[in-house]
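Both complexes shown next keep chain A, but they swap its partner, so chain B is in the first and chain C is in the second.
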Partner chain A sequence: MDRLRLATVWLGGCSGCHMSFLDTDEFLLEQADVAEVVYSPLVDAKEYPEGVDVVLVEGAVCNVEHLAMIQRVRERTRLVVAFGDCAVTGNVTALRNPLGGALPVLERAYLRASDPPGAIPEASDTVPELLDRVVPVHAIVPVDAFLPGCPPSGPTIRAALERMIAGEPVDLPGHRIHFGGYGQPPSPDGAEAMPSRAFRGGRPRGD
Partner chain B sequence: MGRRIVIDPVTRIEGHAKISIFLNDDHSVADARFHVAEFRGFERFCEGRPLWEMPGLTARICGICPVSHLMASAKAGDAILAVKIPPAAETLRRLMNLGQIVQSHALSFFHLSGPDLLLGFDADPAGRNVFGLARANREAALRGIRLRQFGQEIIERLGGRKIHPSWCVPGGVRAALTVEGRDRIKARLPEAEEAARYALGLMKGLLDRFADEASCFGNFPTLYCGLVAPDGSWEHYDGRLRLSDAQGNILVDSPGADVYREFIAEVIQPDSYLKSPYYRPLGIPGGMYRVGPIARLNLCDRMGTPLADAELTEYRQRGGRIVSSSFWYHYARLIEILASIERIGRLIDDPDLRSDRLRAEAGINATEGVGVSEAPRGTLFHHYQVDRDGLIRSVNLIIATGQNNLAMNATVLQIARRYITGPTIPEGVLNRLEAGIRAFDPCLSCSTHALGQMPMVVRLVGPDGDVLHEERRD
Partner chain C sequence: MAVTTLRLNGAMISAREGQTILEAAREAGTRIPTLCHLDGVSPVGACRLCLVEVNGRLMPSCVTKAAEEMDVRTDTEQLREYRKMIVELLFAERNHVCSVCVADGHCELQNLAEELGVDHIRFDYLAPECGVDLSHDRYGQDDNRCILCTRCVRVCDEVEGAHTWDVAGRGARSRVITDLDRPWGESSTCTSCGKCVMACPTGALFHRGASVAENVHDRAMLRFLITAREEKRWTV
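Here is the complex of A and B:
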């Protein structure tokens, strides 16, 4: 059987979701026989490849480069997973939305909070232009599965990946599905037997 | 006319960045620039939020060093409450910060830079990553993963979760360490110490092999800034704020962080979202300073624990009293891991860790506060102004990575000048440019707290501005 072609993409987020992916620890190495990471901030591929089976997308869409990237990702990937609250809802990254577009935020950061005041960076081929509204991934492209959490915990990510690698729908137990980071219940193993439909994934392979 | 080469994105770093190299007609390097392409706008959207929310909110600046933001934010909060936190709370905060130094430095050495150092800068890019490292040297990869996990577990045992624990609060911390947590951390200490010593063994072997890289990966005099304990030993949580010149002469030595505005100024470059702080009295370029592991080791007299002190002595025998090559960040980082593990070993039996006096309760007693701590990448400042109800009126953040921005720019230029010799540029040379950035372990989520992300482009641009060659990573 071919290895699952896995990618991870980082849009407007804090990298916490990627760090939580690394918190799957030894599983990272164990899964190397069945899944291959073909694109990620962790590897040196510069171009998002064709024929990706599963992508975990961290972060919200907040600038023009993210916009182009997420469209390319959608075209080249079978199963797009909105990975973490920023991707699912916009979360912290979207806190700038009520402030009236990108300009006031840029002005605050570069004109007022800077000492001495400077100018807003705008060499457009190097610093991407900000969108006026930060939006979650599904506002731009169809998303196949949502993995909430800020960030989703290592065991939750592992549980989701194991199902995807096995080609099964990603039904996760209720205690694995929550926004934010609070009230993470101790995970009684018995709870794994009660799958929740709140998080539905498609079949990444074999169809 | 010359040309411009762009590396986009720079891979195996934390965030979105690009590198441009500008070439003259004769293919010599005219200039090189490091661009950060992220921005999220924390300074603005924190305005109006309650002080109490700030540690949890600013932790979301960065998933790699959320604990650093918890520390600096809670300390700014302590100043606004005008309290001295209970001794147990300080001990607990120190323990969590040490756990974070271990996890973050392990990530930098094994997961991100390890593939360059252990497989070689010219290794096949397809396998030049932590998974390839695991195939080539399973022991190294596994030890690195477990060492990082050890640091993450300390954070989780204290804060209830590994990433973004809402545990530090203005006035103290929320919870003590359980007996079970203490026993678990204690049981893992020997393995962690062995892993740190193993990594140091590897690193020393690499210094000769990569002598050429060490000579040009950001090898130049700069100023250095960081915290130092009152007795002159290595410090990560509190202490005196020091800034020295390139020879180690002290220029600033302040018991408090409130003075930072007097000597740190920032410049904004049009081609990067990352601001560049510098030492105000000397301007640019003379005021360029570096923070983080080599700065902390240059500034302190000793590490303060036996194994790490022996390592520091050897480090200085090899590199001199003041180390100026950024390649040595890797080496310094490993000594800091060892020092942190030794200090965790010393703290772990402290009865304070199980105290129930964890929090000084107070209202808003000052309208302004500055919190400073050492993040893994260097000195981190949170500066808040609040109204009488504790709602935030203004926020200024000076992030570790930003303070290395001028040096990172100088580093890519130095590497480009050393290795680019003709019209075609081998992949291994582009990777060295990126590796020069990786040595700083930049955290761009953090540094562009203002906005937020780091993909990388390296472009080769001709003198007429034409892009002749472009490598991208988004």
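Here is the complex of A and C:
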């Protein structure tokens, strides 16, 4: 059997999801027997190739480069996985959306929050133009599987990849698939049996 | 009169006089997801997460009294889909960023998304501009995370007796307010008891100084206070 053609893509995210991918440890070596990484920020490939089987997409779509890239990725890939909260929900990358379009965001960052005030980069500069709204991957192209988490944990990534390599649906019972922080499984009822901080008047942690 | 001809997912169960479908189902060991419901304060039917099918019609189980001849289903395909949709709409309505939220890991909305299998939001995010009130010296309030469940309003009114909170505005512009929309820190009714913070299901009310994932709502203390009031049992 041919090795699975695997790719990873980095859009508007912090690279934490890729770090978590590396955190699958020895699985990376085992996986090399059955999957070939054909494109990734972690390998030296310039062009996103044709005929990719599975791609893990980290990050939200926030500028014109991301927009072109995700469309190319969708055309050339069988299974697109939204990888991590930024790709799935917009997450921290989308924090700017309530400010309005791209211009108010740039003014806030380069003029008002900068001391001394700088200059807003020109469209002709090397940086890609911002979109007015940061959106999750599935707002632009159809997505085949969602792997939320900020970042998704190493074991969850591994389990998802194992399913995909085996050609099975990415259904992960027992993996506590949830939005939010790594290693922070939500408590059963959102509450904890502890004496009240309000009554002790103390700080929430470290007191 | 007790209700004796009630069916829950096909099985006959009974309910006491005045019990809601939610209470009867819980006693029978059946979990129905809830969000605005809080034991010890009056139900309002605000979130619709507790929908069940009663003789083919959808009803909120937290405000519907059990009655004779009811055939209740709690877990149909349609109910599962609607519950998912409700949770997704709550995420889409305000700005929920679990990874940097004070309630990460201690949030009923986040837990429900996990339980119901919500792994992405199918609706466009509204991304509204929202205020954060840090004028109170012990607690903070963040509209970005509020789901308008009104637990704070009810617990402050019915348990603390202060009635500091209310809801102002309509539709997507609704917001919880303190004392006719004065900053919380300037409220003359708030006793700083912290019950609203204990009751809030999300990161909308929090202890000042709590950073990401550090705010714990302490429902145990609230349960203790409510049991004490209702059953006059002040020692554990």
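By definition in this document, the second predicted complex is superposed on the first by the 175 of 207 C-alpha atoms of A that agree within 3 Å, B and C clash if a C-alpha of one lies under 4 Å from a C-alpha of the other, contacts with A are read in each partner's own complex, and residues count from 1 in each chain.
Going forward, contacts are C-beta pairs under 8 Å (C-beta built on N, C-alpha and C of every residue); 3 or more make two chains touch, one makes a residue touch a chain.
Computed from a predicted model, the values in this text were never measured in an experiment.
Look at A:L106: by the touch rule set out above, it reaches chain B but stays clear of chain C.
In the overlay built on the shared chain, the residue A:V127 is in contact with chain B alone; chain C does not reach it.
In the superposed pair of complexes, A:C150 makes contact with chain B and with chain C alike. Of the two partner chains placed by superposition, only chain B is touched by A:D25; chain C is not. In the superposed pair of complexes, A:V92 makes contact with chain B and with chain C alike.
After overlaying the two complexes on the shared chain, residue contacts for A:L42 are found with chain B alone; chain C is out of touch. Where the contact sets of chain A with chain B and with chain C meet, they give residues 91-92, 95, 99, 150, 181, 184.
Within the complex formed with chain A, the residues of chain C that make contact are 91, 95-101, 103-108, 110-111, 113-114, 117, 119-121, 124-125, 127-130, 138, 193-195, 197-198, 201, 207, 209-221.
On chain B, the positions that touch chain A within their shared complex are 7-9, 11-16, 18, 20, 33, 35-41, 43-45, 47, 57, 60-64, 66, 107, 111-112, 125-126, 128-131, 134-135, 138, 141-142, 145-146, 148-149, 152, 160-166, 261, 264-273, 275, 394-396, 431, 443, 445, 450-453, 455, 457, 471-474. Considering their complex, residues 9-20, 22-23, 25-26, 28-29, 32, 36-37, 41-48, 59, 62-63, 65, 68-69, 91-93, 95-96, 99, 104-106, 108-110, 113-116, 118-123, 126-128, 130, 150-151, 153-154, 181-182, 184 of chain A touch chain B. Those residues of chain A that touch chain C in the complex are listed here as 82, 85, 88-92, 94-95, 97-99, 133, 136, 138-139, 143, 146-148, 150, 176-181, 184-199, 201, 203-205.
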